[in-house]
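Letters are used for the chains, namely A, B, C, D and E, taken in the order the chains are written, and counting of residues starts over at 1 for each.
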Amino acid sequence: MPRMLKKRSIKSGQPPGTLIHVGEAKTTDVKITRMIYDETSFEQDEVKKISTCIPLVDGPGVTWIDMDGVHQAEILRELGECLRIHPLTLEDILNTDQRPKLEDFDDYLFVVLKMIQYDDVHDEMEIEQVSILLGVNFVVSFQERAGDVFDPIRERIETGKGRMRKLGADYLAYALIDAIVDHYFVVLEQIGEKIEFLEEELVTAPTPEILQTIHSLKRDMIFLRKSVWPLREVVGGLERRESPLIGESIAVYLRDVYDHTIQVIDTLETFRDMISGMLDIYLSSVSNRMNEVMKVLTIIATIFIPLTLIVGIYGMNFKYMPELELPWGYPVVWGIMLAIAAVMLIYFRRKKWL
Amino acid sequence: MPRMLKKRSIKSGQPPGTLIHVGEAKTTDVKITRMIYDETSFEQDEVKKISTCIPLVDGPGVTWIDMDGVHQAEILRELGECLRIHPLTLEDILNTDQRPKLEDFDDYLFVVLKMIQYDDVHDEMEIEQVSILLGVNFVVSFQERAGDVFDPIRERIETGKGRMRKLGADYLAYALIDAIVDHYFVVLEQIGEKIEFLEEELVTAPTPEILQTIHSLKRDMIFLRKSVWPLREVVGGLERRESPLIGESIAVYLRDVYDHTIQVIDTLETFRDMISGMLDIYLSSVSNRMNEVMKVLTIIATIFIPLTLIVGIYGMNFKYMPELELPWGYPVVWGIMLAIAAVMLIYFRRKKWL
Amino acid sequence: MPRMLKKRSIKSGQPPGTLIHVGEAKTTDVKITRMIYDETSFEQDEVKKISTCIPLVDGPGVTWIDMDGVHQAEILRELGECLRIHPLTLEDILNTDQRPKLEDFDDYLFVVLKMIQYDDVHDEMEIEQVSILLGVNFVVSFQERAGDVFDPIRERIETGKGRMRKLGADYLAYALIDAIVDHYFVVLEQIGEKIEFLEEELVTAPTPEILQTIHSLKRDMIFLRKSVWPLREVVGGLERRESPLIGESIAVYLRDVYDHTIQVIDTLETFRDMISGMLDIYLSSVSNRMNEVMKVLTIIATIFIPLTLIVGIYGMNFKYMPELELPWGYPVVWGIMLAIAAVMLIYFRRKKWL
Amino acid sequence: MPRMLKKRSIKSGQPPGTLIHVGEAKTTDVKITRMIYDETSFEQDEVKKISTCIPLVDGPGVTWIDMDGVHQAEILRELGECLRIHPLTLEDILNTDQRPKLEDFDDYLFVVLKMIQYDDVHDEMEIEQVSILLGVNFVVSFQERAGDVFDPIRERIETGKGRMRKLGADYLAYALIDAIVDHYFVVLEQIGEKIEFLEEELVTAPTPEILQTIHSLKRDMIFLRKSVWPLREVVGGLERRESPLIGESIAVYLRDVYDHTIQVIDTLETFRDMISGMLDIYLSSVSNRMNEVMKVLTIIATIFIPLTLIVGIYGMNFKYMPELELPWGYPVVWGIMLAIAAVMLIYFRRKKWL
Amino acid sequence: MPRMLKKRSIKSGQPPGTLIHVGEAKTTDVKITRMIYDETSFEQDEVKKISTCIPLVDGPGVTWIDMDGVHQAEILRELGECLRIHPLTLEDILNTDQRPKLEDFDDYLFVVLKMIQYDDVHDEMEIEQVSILLGVNFVVSFQERAGDVFDPIRERIETGKGRMRKLGADYLAYALIDAIVDHYFVVLEQIGEKIEFLEEELVTAPTPEILQTIHSLKRDMIFLRKSVWPLREVVGGLERRESPLIGESIAVYLRDVYDHTIQVIDTLETFRDMISGMLDIYLSSVSNRMNEVMKVLTIIATIFIPLTLIVGIYGMNFKYMPELELPWGYPVVWGIMLAIAAVMLIYFRRKKWL
């Protein structure tokens, strides 16, 4: 999964605030959607050019600018100038290898999150960085590519159902964060099902392929943790509401998101424990099977090697071997061999090897 | 144990406060019991319809509403409206995959706990979410299904024994939490007995089945921890009594519950240490047995393979093999073979393999 | 060691303050000794009946009531009434499965400790719960059974040597705690000697029995830790002297006990590290031995199996086998066999297997 | 990698402030470069002698003195006298085995960092200590040897691009620290690529050489951690800006460096987890292969050893062996042998060994 | 290394302040050296009798009393009376099994440290307890035996070089502590060299003896940690300078010692990581070798056992074995055998066993 580690070194040596995109190179165009709404009105359009700043966040209601794709630094620079965003913030938006964080720039709050979706086709997690800027009456969200978990929010804004259109930009920012955190449960459920499937497999047929799957799960957990742990601090920081941009009315909602974050972390830790337990089961089952194999080998060898010696003895060509002449020599040898085999079997049974 | 992970993803994308039941689907009816009591009077009935709110918590005494089953969202919504419960609280009650927590909503305190019972029939733990609302003069408790650990409390209320009827709703809430925490000791005792049984088994007959049992115990511990650890914070938060809903007179009782919680956690950690110690014993006993098997194989092979070579030599059909003609050739070969075997045995005894 | 886990479940469902003894059932009588002393006088007697409270702690000096056995709840209840002890305290005294703790009840301080003695006869640790109540001019100590580590203190009170008789009840309480903590060093020393003995054994003769002993030591450490770790908090809490019952003059002594407690914990952790190091040595020595066994087997098999094939070839009965007719055929075969064996031995020596 | 542990013992017993170089002995000359700049002017020269102190940091603008090589204690002593540097600071600069740290000496801030570069030729990390002194209008940087990551900064000063020449000495110090931290990402990327390469290798061909590489990676991580962890505290301390030497305008930049530091630590921990996961995969693949080898051996031995006994039986030379005379004896033996082999193969297939 | 655990149990049951020596019994005499110095004068003599207290610390300058040997409790008691040392302090000095600590007794500061030296002759660490008392104008140091790391300090006092004679008793105390901490680097260097030597050995020839050495190193680390970790707190406590006995002028020096302590701890942790990495390498190399041994055995057995069966078949004595009569029977058998061996070898090569 090389995509997990991004080429950040190209930025090394650049002055702070240099806008270079860190992440997968893309050729698709950046798409900017704008929604302006208040309790009574709703408007949506696509922003084609950012040359004129005025129309950006000018309405009396709440403006949500959603940008799909951050690989065109120039567009971001223009947007940044219009909205008076600090160069370091722009740099962080472009750098898609950020750690989730919350920063307070007086004029706006800057939140970086990881949106995680499960790609059923390739059976792997997709981690995408989402940056959210919360101003007095606007929210700007930046995504790495098209496709997100915000459709229910868009629908709620359009239809005007629920509290969405009655409340301010802070509630919109909360809703976006909530949607991302809520989607973690979907991903966790898929991982949980995988774990349960593997646990059953382990008992019935522990193959080396299972080991491979366990390890790839473990790896997924490492990257999930890296995305989710810092979230606790981010949402906790929002909840403390030290910025005037966050109204008192949404405190209870932020506490709810915080609870969900804690629960995601809790489940992650539980999964980790379960996965490491599975590794233990796998290793001890391998150990057990080796033991069983060794026992079979030992039983066979211990019974037959002595008998082979006996028949070897009477295959010698010495002139004077009195036993060979005896008429009952052959049946007696058979008897001795059967006796030895019987004694061995009893010995193994008493040792609980059979 | 798939039941441990609940389908929470159906809630993803819903606006906050959406009432959807997360948990096992059930078809049984929800049952609501109401108890109104003060020092002198006591009344109990079953609430059939919540259409009229007034009779709910109207008495001068303490009202305890106990609801068995939270799978019918509509009933909960009505109840919520009557008692003016916040939608997020109702959502948490419906979502039976909550982490134990304490929330202060000014009008009421909201406590989520896990009630754990040991199902002797299926030999497994049953974890059930209990949500408790504490208001000025009422307590509402929500359980996932019928059957709980509250019978002694009901009895104490009915008979009027002890302090129960003399004290307020806060004491009732304390009593419910105390009953749940106290029952953990019963579950821990059963697990403790299992551990002791397994430890003896391990010494006498370490089979792969024991390994399976150890791992299922380990798994139980993971889920127990997940239920019990956050409790510390919950009960600790109650003890700090930052809400006016908790009177000073029950501080000493809450400290007592807090102590019990710490002790449950302590015992859990001790069990974890003991279980991981058992795994070590198991693995090293497997290793020891493998060693023993290998020794038997090696001793047998090392003694008999050289002898087989000797008898093979004198089974060759060369024309000119002077030894074969000698009259004492055969007995001499026997002598040599016995000597080799004896030397080998002495060698193994000196290596402490015998 | 089933005694380590006590039947606490019988208390589940009982109202708080219910006096039920949790611990080993006993039939012996409870024995209550009373000592009253000040700088000039000293008196000692056995309390037979608690019917009259007045004589209990009435002297101008310090009164020490020592109770051997807490299995008769009734006596405890009477004592509790006389000294106005809170029911929850009495419950804790009866419940001998407590975690060490310190509680401040304004009128008195309540300290729970674990007294650990090493039973040389059965070669096992004995953990006994000691509860200490410190009032203005009295100390009450509760033990599970007769026999303790307080004899030097009794002697010092009787003979009037040292500071004991000149100082108040707080000093007596300190002396009791100090005696218990000091005795931990005796137990640790015995465990330390066991560890050193085992370490030597491990090098000379690592048998599976040693493994058993290591694991039982490890188990002892788990229970010791459980008894000793909370002590740090207990003694630390006393040292902070937030209660007026503890005079300034004994601050320096409490700091001394605190230091000892830290040292006990330190030594425990060192032992834990040493024991887990021993487990590693054991397992790798088993692994080494297995390797050695395998080498012997492989050397024997690799040398003799090819030779056996050669002699088998010339044991075949084909009519036309020209080698068999040659007069020097037999010695040449011997030569070939010796050459093969020599090559093999050189090969093994170069591989450092010999 | 013996160079990681430096000979520090030569300093033992010396009074504090004794200037002895701890590190690799070098014979090259120390090179001191001076840059003086402000918004409009820029000057650069090489300092040959420190005999006259005045020209050192005398300009109205910012002076940056960069010293390559700290192995000549005398030069350092002179420089120290000129700039009034505390002897303990000089001692720390000479001792290249320092832990990263920040010290506030009122007149100046003293920062010790580790500059890490990846030497592609020898395929190993190079850790070099960089000490930075920040005064009111000057920065002095000390490096162990020529070659650093500061070239982009020098260029920015020369060309006057960006904010560099407009801001004070604190910004220069920040830029140096930022350059060092930024370069960590380059090193981490190289390690990350190594890890990914190894992970693929592990699946296709797990050789003992891979194990060696994993362990050397693990070792590199140990030393990286030692260099990077304390950085968090250092940069965090700068960010708190308790010294008047750090202006408010660079607070936001320091927060940015702090974020990067956290991210470096995060990535380090992720790598550690991945490396230890690789070790697990390697060990279980070795275990699996052993198991496979054992199975082959056991199958071969179990099939052929009994057959060898049978042919041995009919190779005996007894006079009276009726089977030998039978005309269909030979084919029947063949039949029996094939039957035994078939039974064995079916048995192994059912055991899933084949 | 039994000396690491000292007989402390003899003190159990004694009242606090009882002076009993805990440690190795010694018969040598205790030697007390006294140095009195100020900026201009210096005087040194040996104290023979402590009967008269006056000359002890009476000078206007600084007095350093150094006592080699603490096994004669009586001398210590007299000294304690003269200097008014608290009985608990004296007890701690006698008890050479102390944990490093700092205690503030208003009149004096009491510091316990562990002086560690490396005994090259027996190739083992020697841990010796050093107690330091710092008063207004005197320092008293107690050592377990003759021989220490203070000679450079004595020399500096005698010759009057450096700051030593200009500063007060606090500087002397600092110098003693600094000398002890500085010497840790010497010990760490020796351990570091051992580790590097072992790492090379591990790659070239991993014998069981190396395992033994690794484990003894690990043990040394356990005891080193126990001596060094608490030091952090001790030196940190001194640095906070809450006692008037420590002047402001030595704050910067104490911060330096604190840094060194942190660095010692850092290096210890690095060594621990490296040692546990070495254990992993050792165990996996044992595992690899076992695998290799098994492969050799399996290859030999798998090639030769089937061939042995074939030659056994034609060694049977059946009357009617048509193959035996055929003139080309013998060479055909040879051909078959060579073909089987070749097929096997190709099979093993494809499995990468050869």
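Here, contacts are C-beta pairs under 8 Å (C-beta built on N, C-alpha and C of every residue); 3 or more make two chains touch, one makes a residue touch a chain.
No experiment lies behind these values; they were computed from the predicted model shown.
Trainee: Quickly list, by label, the chains bordering both chain B and chain D.
Mentor: Both chain B and chain D are touched by A, going by the contact rule given at the top.
Trainee: So chain A and chain B: same face meeting same face, with over half the numbers shared, or different?
Mentor: Different, since under half the interface numbering is common to both chains.
Trainee: Give me the rotation angle that lays the C-alpha atoms of chain C onto its copy chain D, rounded to the nearest 5 degrees.
Mentor: The superposition gives an angle of 145 degrees.
Trainee: How many angstrom between the C-alpha centroids of chain E and chain D?
Mentor: About 26 Å, centre to centre.
Trainee: Mind checking the centre-to-centre distance between chain B and chain E? Centres are C-alpha means, answer in whole Å.
Mentor: One centre to the other, that is 42 Å.
Trainee: Going through chain C residue by residue, note those that touch at least 2 other chains and give them in order.
Mentor: In chain C, the residues touching two or more other chains are 287, 290, 294, 297, 301, 305, 308, 312, 315-317, 321.
Trainee: Which word fits how the chains touch one another: line, ring, star, complete or other?
Mentor: ring
Trainee: Quick one: what's the order of chains around the ring if we set off from chain D and go to chain E first?
Mentor: Result for the ring walk from chain D toward chain E: D, E, C, B, A.
Trainee: For the complex, give me every residue of chain B touching chain A.
Mentor: Its residues touching chain A are 2, 5, 7-9, 11-16, 86, 88, 92, 97-99, 101, 103, 205, 208, 211-212, 215, 218-219, 222-223, 226, 279, 282-283, 286-287, 289-290, 293-294, 296-297, 300-301, 304-305, 307-308, 311-312, 314-317, 321, 323-327, 329-330, 333.
Trainee: For chain B, which residues count as touching chain C in their complex?
Mentor: 149, 151-152, 156, 161-164, 175, 178-179, 182-183, 185-186, 189, 192, 196, 203, 252-253, 255-256, 259, 262-263, 266, 270, 273-274, 277, 280-281, 284-285, 287-288, 290-291, 294-295, 297-298, 301-302, 305-306, 308-309, 312-313, 315-321, 352-353
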